[in-house]
Each structure stands twice: as C-alpha cells, then as structure tokens.
Amino acid sequence: MAHGSGYFKTTYEADMALVDTRLRRLTLAALVVLLAALPRVASPFSLELVTQTALAAVGALALNVLTGLAGQISLGHAGFLCAGAFTVGILVESVKAPPLVTLPAAALVGALLGTLVGVPSLRLKGLYLALGTLAMHFVVLYAASEYQARWGFNTGVSVPAPTIAGIRFRSGLQWYYVLVAFAALTTLLSVNLTRSRVGRAWMAIRDREIAAASLGIAVARYKLLAFVASSVVTALAGAVWAYYRSFVSVEAFSFFVTIEFIAMIVIGGMGSTLGALLGASFVTLLPYGIDAVVGALAPGGAAPYWLFPLKFGAFGLLMALFLLFEPLGLVGIWRRARTWIVLWPLRYAPLRSAR
Amino acid sequence: MSAGAALEVERLSVAFRGLQALNGVSVRASAGEITALVGPNGAGKTTLLNAVGGFCAITTGSIRLDGAPIHGLPSHRIAARGVGRAFQFVELFRHMTVLDNLMLGRHLHMRAGLLAGAVFFGRSRREQAAHRARVEAVIEFLELERYRRDAVDSLPFGVQKLCGVARALAMEPRLLVLDEPSSGMSREEKEDFARFLLRIKHELGTTVLWVEHDLEMVADLADRVTVLDFGQVIAEGPPAEALSAPQVVEAYLGRQP
Amino acid sequence: MVRHRALTLLLVAAVVVPAQASDAYRIGMSVAITGPAAGIYAPAFDAYKVYFKRINDAGGINGHPVEIMFEDDRGEPSRAAANAKKFSEGVILIVNASISPTYKPLMTEADAEKIPLLFGGGVCPREAFPPAHPLIFCSTSFGAQWDSRFAVPFIKAHAGSKAKVGFVAQNIPVSQAEMEFAEKLAREQGLETLPVIVVPGGSADFTPFAAKLKDAGADWVLSWAPWPLEIGVFEALGRIGWTGRYVTYAHQPAQDDLARLKSPNLFAFGGNAMFTEGLPIHKEIEGAVKGQTSHPPHYLVEGWVSAMVLEQALRKCGWPCSKDKLAQTLATVSVDTRGLRGGPIEWTAENHYRQRAYYKVYRWDTGQRAVVPVGGWTKLDVK
Amino acid sequence: MQAVAGVVVLASLYVLLGVGYVLVYRASRVLNLAQGDLMMVGGYALFAAVTTVSASPLIAVPLALAVGAAAGVVVYALLMRPMAGHPVFAAVLVTVSLGILLRVAVVLVYTDQARYPLPAMDLGNPPVRLPGGAAVSTLDALTVISAAALLAGLLAFLRLSRLGIRMRAAAERPLLAAQRGIDFHALFALSWALASFAGALAGVLYASNVRLDPSLGILGLKAFAVALVGGLDSLGGLVAGALIVATVEVLTIRHVNPLLSDVSPFLCLLAMLLVRPWGLWGTREELERV
C-alpha cells in the first residue's frame, strides 16, 4: 500500500489489507517460493502427501464456512463430496463429457443438494439439522451405489485423465500444482468472505440469530446461502478428487470421511481459515507421522499388527483431547505460541482472574 | 441521515401460552421525539419492544411505522423499514470486534453478495471502505475509539451496552429502540449516555423508543412517557405529569396505607 | 536475495527420502489390516510377515532379503491410492489383499509405473483372466464365472432336477453379477430358479431376507459373497426353521463355522483344502505361525499361497530383479501348492488366473462329528 | 405372519438400542453417537466373561451387563462431565471419538474376526414355532421380551421411584431442579449407566443371536434414526418409531427393493424431519428468548 508506511495507515483500504506488514509479506513470499520449489527437492511420495493435504484443505475450508462461520452443523460432508465425484464419473462414463462440462455440472449438483439440505435448516436447529444432513449422506451414497451396482462397476467407475486447454493432467507433479493452486484460491476466497458482508452476516447468525435478524439480516436466506456455497465448493472438491484419483467409488465416501473433515475443523480451530488449513494438514499427515515415529524407534522390523489400529485410534484420541482441553484448536496453540515468542524473554501473562 | 419516523401501536395484545403479557396497549412515539416506556418488572415493556421488532407474534392490534403496518413482518423486514434495536442483555456478537459488530449494523446498506465478497476486489472493496467510514463516524459519535479493535466480550459491561447502541445507530434507523440501555452503566457512563441520547435527538433527528428503569433520567430526557403495569397502559403524557400520576406512584411503591 | 536464502533453507530442510537398502527385493503390500473387512484380509498381512521372515532368516532369496512395505488401506480406495503412490518409489511388485474397491487405484498406479500387481486374498479381477493384462496376477482361490460353473452342477447332481434354487448376493457388483450368472446357468441346466436376492452387507438382521427365501419355497440356496453375509443368511434361515440345503463359497472362516453350526445342510465349496485334513503342509504352517499371529492358522492360507507364488517368482527372476523382469517371470510361474490347493498354480502370458481351477466341498458329518470333504477335487479347465 | 414376527423382532432390537439415545438426550441434550459401539462393547464383555470367567450364562450375562453399566459411568466421568459448559456439538463429537476408541480397543484385543459367544456357553438357539406358520429363534423371542421388560422397568422407575422422579424433573426443568438441590452429576451418571446398560443388553442379545464383530456399531446409526422418528426425548415414542422404521424396512425388503432397506430408516427420518422435526412424541425445542 503506497500510502502506508507500514505502521500508520491513512486509508481504510490500507487498513483492510490482508498482508500489511513487511514480516507478513516476507512470510507469504517464502511460502510461495517453498511451494513452487518443493517438487525439485521432495520425493514423489512427499509431494503426494502435500497434494492430498491441499485437497483435504479445500474440503475443510468449505465445511468451515458452513459450520465454523455460519454455525450450521453438517454430518453430510462426505455425501456432498460423493455427489460431486459421481457427477463426474457418470458424465464421463456415459457421454465422455470434458471437464469444462463436468466441473460446472458438479457445482450445479452441489448447489441443488445444498438447497435441498438447506431448506430443512430453516426449520431445524443444531442436532436435528445434523441428523437431516446425515440422512442425506446415506441417501446420496445409496443412489451412488445403485448406479455403481446397476452398471456393474465392481472396482469403481474409471475417470481418465482430464484435458483442459490442451494439457492432459496425469502426472503427480501436475496435480500437485493444480491442487495447491485450488487450495490457495479457496483459502483466499474464504479469508475474503470472513471479512465481507456475507461472512459477517453468517457469523452473526451463528452467534445469535435473533440479534442478526434485528440488524436486517435475512436469516433464512443466509443459512441457505451458506449451505449452497459450502456444498458447491465441496462438490467441486469431490469432482476434482474423481479426476485426481482417476476413479470414483462409493466406498471412498463413507461416514468416516465426514468425521475426518469435522475433526479437521475441530482440531484446527472452529471458524478460523488458518485453523481449517492446519487441521487439514494435521489430520491428513497424522497417520504418516505415526509411521515415521514408529519407523524411527524400531527400524528394519516389519510393522507390528497393533500399529495399524493404533493409527486409527490416535485420530480419535486426539480429537477427544482437543475437544476436552483445547477448544480453540491448533489455532489457539499457534496464537499462544506467537504471543510467547513476541514477548520473550518477558514472562507477561494475563492475570488469572482476568480470564 | 433520514428523519425520524412515527410509531403507532394500537390496542396491542400479546399472549404466551394463556398468559396475557400485553392487553390492549396503545403507544405513540412521535417523529423526532424521545418516548420513554416505564413500568415495574414484568409490566410488558420488553414484550412491547419485541412485538415492535417482530420477535413475537401478536394476538390483536396493530403496529404502524409512518402509517404503514409492520406487524406480522419478519424481524429482518422490520429492520429494513428502519427500526434499529439495542437489547437489554446486549446481544452483541461476543467474539467479534467492536468494528465488526458495527459493520454488521451496516448490513442493510451494503450490497455486496457472496461472490463479490469472496473476490473482495474493486467495487466490493470500495463499498467496504465507504461503509467503514460511516462506522467510524458512529464510533466517534459515541466516543468508542479506543475500543475499536477489542473483542466485545473483553469490554466492561457498560461499554458493551454502549456498543449495542452504536450498532443500532450504525443501521441509520428512523426508529431507535433502546431496551434499558443505562442499566449496568456507571454514574459517569450514564451521564455520557444522556448526552449521546440528546445528540441523537437533536443532531440525527431519530425517533427514540426508550425503555428505562432510571426514572430521574426519564424525567430529564424524555419528551413523553408511557407507563405500563400488568400489560396495560396506566398513564401517558409529558414526564412530569405521567410519572406523578397516583396510579403510577402506587404501581411503583405499592398501595399506601 | 530473499529468494536465494529461502531456497537454500529449503534444500537443507528438504524432505529427504531415507536411503533404501539397495540389496533387497522391495515389495509393497496394500492390505486391509483394519476396517470392516479386516477380519478376512488382515491374516494375509500376518502370513506375509511370517513367510518372508522365515525366508530372510534363512538367507533370503538368491542371497538377498525380501523387504515388504506393509500399508493399511482399511478397505478404502483413497487410502489404497495413497499407498500406491508410496509404493511407486522403487518397489518391484505390489501385492493387494483387500476388498475390490481398492483395486482401481492400485491398478491405475501399477499401469502408470509399469509395476506388476499381485492379488492375493481378494476376489480375482477380470484382468487376471484370459486374455490377461500383462501386469495383473491373481492367486486367490476364488474367481467370478468359474466358481458358479462348479457350484451349479454340484447342486444339480445332489438335488436332482425338481429342486427350487434360490440365490443370495451381497450388494456389491461382483457378487450380484456372479449370482445372476449362476441363476442363468441353473436355468440352462433345467433347474427351477428363484430371482436373486441382493442383501445389503450392513443389515442388522438378515431374517427378513431369509424369510423371503423361505416363503418363496427354496429347497436349495446358493450364495457367493463375503463370508459374514453368506453365513449370516444361512443362520437367519436356520433361526426361522428353514430346513433346505445351503451351498456357499468356503472363505477362510468356513472351517470354524461348519464346526460351530454342526449343520449337515450346509455345504461349503472352495479352492483350499481345509486344515481338518491335517496335511503335512497344514502342520508346517501351524508350526510356523504359532505365536506370530492372532488369527487361526487356516485364515492365513490365501496369504500363504500368494507368498509361495511370490517366492518362486523372485527365485526365477534372479538378482537384480526389475519390475519388468518380474512381470515377465510371473507370467511363467508354475507353483506347487503342496496340497493347499487341488493342483499347481500355473500362469501363462495369456492366463494370470490359473490353467486349471480345483474345487472341493466340505460339510459337517453328524455321524463322525467332524467337518469332512464331500468327494475329492473337481477340476475345471480355465480357458 | 413371518413378516409380522420379523417386524416385532427388529423393532425390539431398535428399542433396546434407542433407549440409550433417549436417556442420554433427556438428561443432557447430547446425542450419544457411540451408543452402537457401547452395544458392541457389551457383546465383547459377554465374550470375555464366557472365555475367561465362566461359561455359565447365569454368571457371564450379568457380568457383561454390569460391565456395560459401569462403562457408562466411566464414560460420563472421564469424557462427558468435563464437557459441561462446552457447546453440545462438541460433546457429540466427543462421543464420536469415544466410538472410535472403543472400536480400536476391541480390535487390539480381539482382532477383527467374528466371534460367537453362544457356542462358547454351549447353548443352542432353536427356532420357536409361532401360530400362522412363522418362526423366530429363541434369542429373537428373548430380545422381544427383554425390550418389553426394559421399557416397563424404565417407565416404572421414572414414574414411581424417587430417583426416577428426580431424573424426570432434572430433564424437564433443569433450573428448578438445581434450585431444589438435586445432584446433577449423579443423575447424569445414572442416565449414562442406564443407557450403556441398555446398549450392553442389546449387545449381549445380538452377539448371542447373530455374531460379534467390531463393526457392529453401525447398527447404532440406524437405531438413532429410530429414536428421532419417535421423538428424541420420549420413551413411548421410541416404541412407535421402532415399529414404523422396522415395518418400513421389512416391507421395502419384501416388496420394493432390498437395497433400499439399508437407507429406509434414514428416509423415515428425513420424512419425519420435514413433517414434525421434533418426532412423533418429542417435545418441541424451546424458542429462543431475547
């Protein structure tokens, strides 16, 4: 911002800037360089992990908009993903549709489903709504499995590598760039939303519906909008998933996937964009982290049987621990750490009674 | 800013599960004036405000704003007609900053939709900046500058109440509805608040419907007073007259032996 | 300047792949160690672990150890896909022992990286049958289209032509298709058939499905599905007093369940000899896995057989053994199953299933109070 | 006739499972998504008792049920009590974690293999002939009897005993109950114990009748559709909900499409949410107050 010296802001535009200090600009630049240069140094497998994390981040950000910002609990996230993925699968399988057709179609299906699930949200609150979305999940999965069974796709429907603008996306490297860019774009949109009129209206509804209505916010409309926005992005993520994995199959969208996404925003820190990103990374990488730790402790030996259930259990345990002891999630820890670093070596802590 | 609107409540009745909260109440708030609503606890003051704001269903009667009926409309439509409300128990969005709370007050005046907000570039960005300027004006008006970036739940209760008023003011309402704004404020805060109330009336010309416990303040500031007891109007008129009526004294102090 | 420094930092902190032992045969295995299907597939993990530990302890193959990267896929395709990516760094073969939804991502990766893929535990995919995909092999005892060609004539031989036959499938495509195929076969052979009943695997209670079969008047029922469903429907039929005969594929738990249910009406047919026969190879496996697994030894047979195939392929491949060379070698193996199956597993360039499929039927004998074979091995030529 | 018998048996199983949801929801407005897993634990407790303590069902079954009830208390003390004051949704998520942990614990001890406690107790499960040509298994019949007995016992307990009346009071008027000095934690713990006991009972019966494996918990999800159709806070509604869902399920299997039966409880739930979101006999959620 040309007018800002870095510390004093002279316009409201400057005050609203996302990246306003030199340190932040440097950090952002470093992150961009790191992500761009990673393929040169990282192994294909590490790249695959980052790619997976990026895709998970898109899903987590979409869920965060719905649950974190607008306060509408959804247990149907995997259902939306599944709908997007199967839209691609069915269109590619039946009419060989190109991505420029399938992706908008997936978004449209997402919007329709979001509306369908959103309408009951106008009458339902909290748990009842969650149950409605859960029921939707099972219905979507049923429809998908009917399709899969009827057409005899035993191992799932194949989705060949897509071609956009003459480029055929098939290598791990291409997908790395595509998905990291997708995640970056979603992050930017999500950050912008939180500071815009619509995002604020959602947070108002989340905190107190009556107060929101008193400010002229059309609560019903905005709830519906949150469902539609979230489900469009989720369905798109599902569509990209289908292309990236080059197949779709019902088994990939079990209820456990929903739990994983909820865990991401819970562990990351509900309602925070950074939290959704941290949570997505954490949940995606956790099993591999456990592998690495066990590998380091017991090199050479074949992994013991108990390790595998343990990886699954660690996820459940961590989710419980975060819920019990760190409701603000990883973002909360990050903020405390930042305060600690900034203040170090001083040991300033707010008075206990002040909390 | 737009001039104040006149509110007419005619023979309004509200019942909850057989309990008659309001019974044929008529209240008028003339344009540009401060109309106070007083009465003992449980008299039905907040219920009346809820009915005006569309937060509870009415049994019979009518509510008109500048002659147009608003009863039966959903709350957000009533807000769009120009009714701004500050709540008794604040009802701010506690995790947000004062600034964000006030920006929410600008909701009705802003246009940016979902996509514009997500892109946050060009027009939607300029719109945001323009409304930020209006919010800053409100912050300055109510002298909240130093709390601008604080999360609401970290503020003292009196300041929170003032923020509630600020948020309602940011809506640029034609009718400002205040529910016991001064309760929980310190002596000094109350004095400031009295000043703000007069400035709202004189500088902004907004009609104010004001529920208040502090009868001294009402006597000093209100143009007209309506006294409620057990869901019925027991006195109405200029403060000096209405507050000294025998039935009002009785309602507050109990029947004298 | 900033860019330069960042890059340097990055290089230093880069995720470095740990140096792999270059003198080992590296194999990747994606297996449902946990998850809903683990009861059937986790034993393959134990079988491989024990089998190749023995080999390595004895000096390895051609003087080189076999190193297996085990990855759990929980029976979920997304996890299988991640595993496949992990394997793409230098394994010469991928082994899969999991449910069919995990096949596609592994096949995709195998195809892209030209890594041979061995199915050892899950149902054989179409690509293993003639004309076979050059990279896809399957040592599992059961395969679609062939099992019914054995089972339907078996029913006809025992029931005569007057019997009404019902068919039970699980709501997974491979099972549904197989039962529809069997129903067609049965009709062609002059049996009276009932429409196939498709049962969701997650049903709380199979009784309503059983009642439907019973009310339709089925004398014989054929089921080809995952074991919990096969046996679940049979038990549900028993609970409502059905007295017909039930023929079902003998997955690994069959041996225990035949003994548990003690029903002379339950016929389990399959490609593996049950441990009740007490062959020398059975004793050997029992001895080898003792204390090494939490599963009964006979659960490990599918995994054991595929490990035998792999061992022989590696021996024939020699050292060094690349993925291409191994794929070519696999297409020529002929593995003596030493009685675990009715005959050897022989693969050709065209056929990665087996030249001949062998079947044997078992049931509970009330007289002997034991699980006994009904006749000997039946041989089918696979063309 | 066989269809009617099937409906009643299935409905009884749903009732046994659904009781847990209703009890916990009444007490704390929390939906216990681990109810199915608590049922599974009950089944494994029976198997453990049979294989390690005594093969006599007279000892093993009460032991398993006691373990079930105790598990409820432990869960409350360790996980739910610290969640007091947190959003309800967070508490619901904790129960999801609990379900995962229970499944993992069982897998670590017993692997994923199916187990059968009944033969270990040396018992059979012969069919019982009913009038009209129908038949159910002995344990099916026991399930129906247990569900009826449990419901009758619970209703009597809530209506007649002092503790039960307190529980009802605490559920209906928490504030008033607190002012009267009712110990909430004890009552919540009791609700959890009863819920978990009911789950264990369902687990014991199901494991004996059908089988035991770690994925049994999925049944819990269906039963929770049942609880919602009946009304989450109503025991009477539960019976109606269970009968409706079971009837729809059996009819779909027989006359529509067996595959649809898997989702039919959820279709019932969606239909109910659209018509009467609070269920057949449930109370409407209180409106927000300003």
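Going in written order, the chains are labelled A, B, C and D, and every chain counts its residues from 1.
Throughout what follows, a residue touches a chain if its C-beta (ideal position, glycine included) is under 8 Å from a C-beta of that chain, and two chains touch if they have at least 3 such contacts.
Every value quoted in this text rests on a predicted model; they were computed, and no experiment measured them.
Enquirer: Using mean Cα positions as chain centres, tell me which chain lies farthest from chain C.
Expert: B
Enquirer: Of the chains shown, whose Cα mean is nearest the mean of all protein Cα atoms?
Expert: Of the chains present, the most centrally placed is A.
Enquirer: How many angstrom between the C-alpha centroids of chain B and chain A?
Expert: Each chain reduced to its C-alpha mean, chain A and chain B end up 40 Å apart.
Enquirer: On a C-alpha centroid basis, what's the spacing between chain C and chain D, in Å?
Expert: 36
Enquirer: Just curious, how far off is chain C from chain B if you go by their C-alpha centres, in Å?
Expert: Centre-to-centre distance between chain B and chain C: 73 Å.
Enquirer: Just give me the whole-number Å value for how far the CA centre of chain A lies from that of chain D.
Expert: The mean C-alpha positions of chain A and chain D differ by 33 Å.
Enquirer: Give the residues of chain C touching no fewer than two other chains, as numbers and ranges.
Expert: 34, 42, 171, 198, 294
Enquirer: Could you check chain A for residues that touch two or more other chains and list them?
Expert: Residues 145, 149, 210, 309, 312.
Enquirer: What parts of chain B, by residue number, touch at least two of the other chains?
Expert: 55, 87, 91
Enquirer: Show which residues of chain A lie in contact with chain B when the two form their complex.
Expert: 11-13, 15-16, 189-190, 192-193, 195-201, 203-204, 207-208, 210-219, 225, 229
Enquirer: Please output the residues of chain B touching chain A within their complex, sorted ascending.
Expert: It is residues 53-55, 74-76, 79-80, 84-85, 87, 91-96, 100, 103-108, 110-114, 116-120, 124-126, 128-129, 132-133, 136, 167, 171 of chain B that touch chain A.
Enquirer: Which chain A residues qualify as touching chain D in the complex?
Expert: 73, 120, 123-128, 130-132, 134-136, 138-139, 141-142, 145-146, 149, 209-210, 255, 259, 262-263, 266, 306, 309-310, 312-313, 315-317, 319-320, 323-324, 327
Enquirer: Would you mind writing out the residues of chain D in touch with chain C in their complex?
Expert: 2-3, 6, 9-10, 13, 107, 111-114, 116, 119, 125, 127, 129, 134-137, 140, 206, 209-211, 213, 215, 218-219, 222, 249-250, 253-254, 258-259, 261-262
Enquirer: Show which residues of chain C lie in contact with chain D when the two form their complex.
Expert: Touch residues, chain C against chain D: 34-39, 42, 171, 197-200, 202-209, 211-212, 214-215, 228, 232, 235, 238-241, 253, 260, 294-295, 299.
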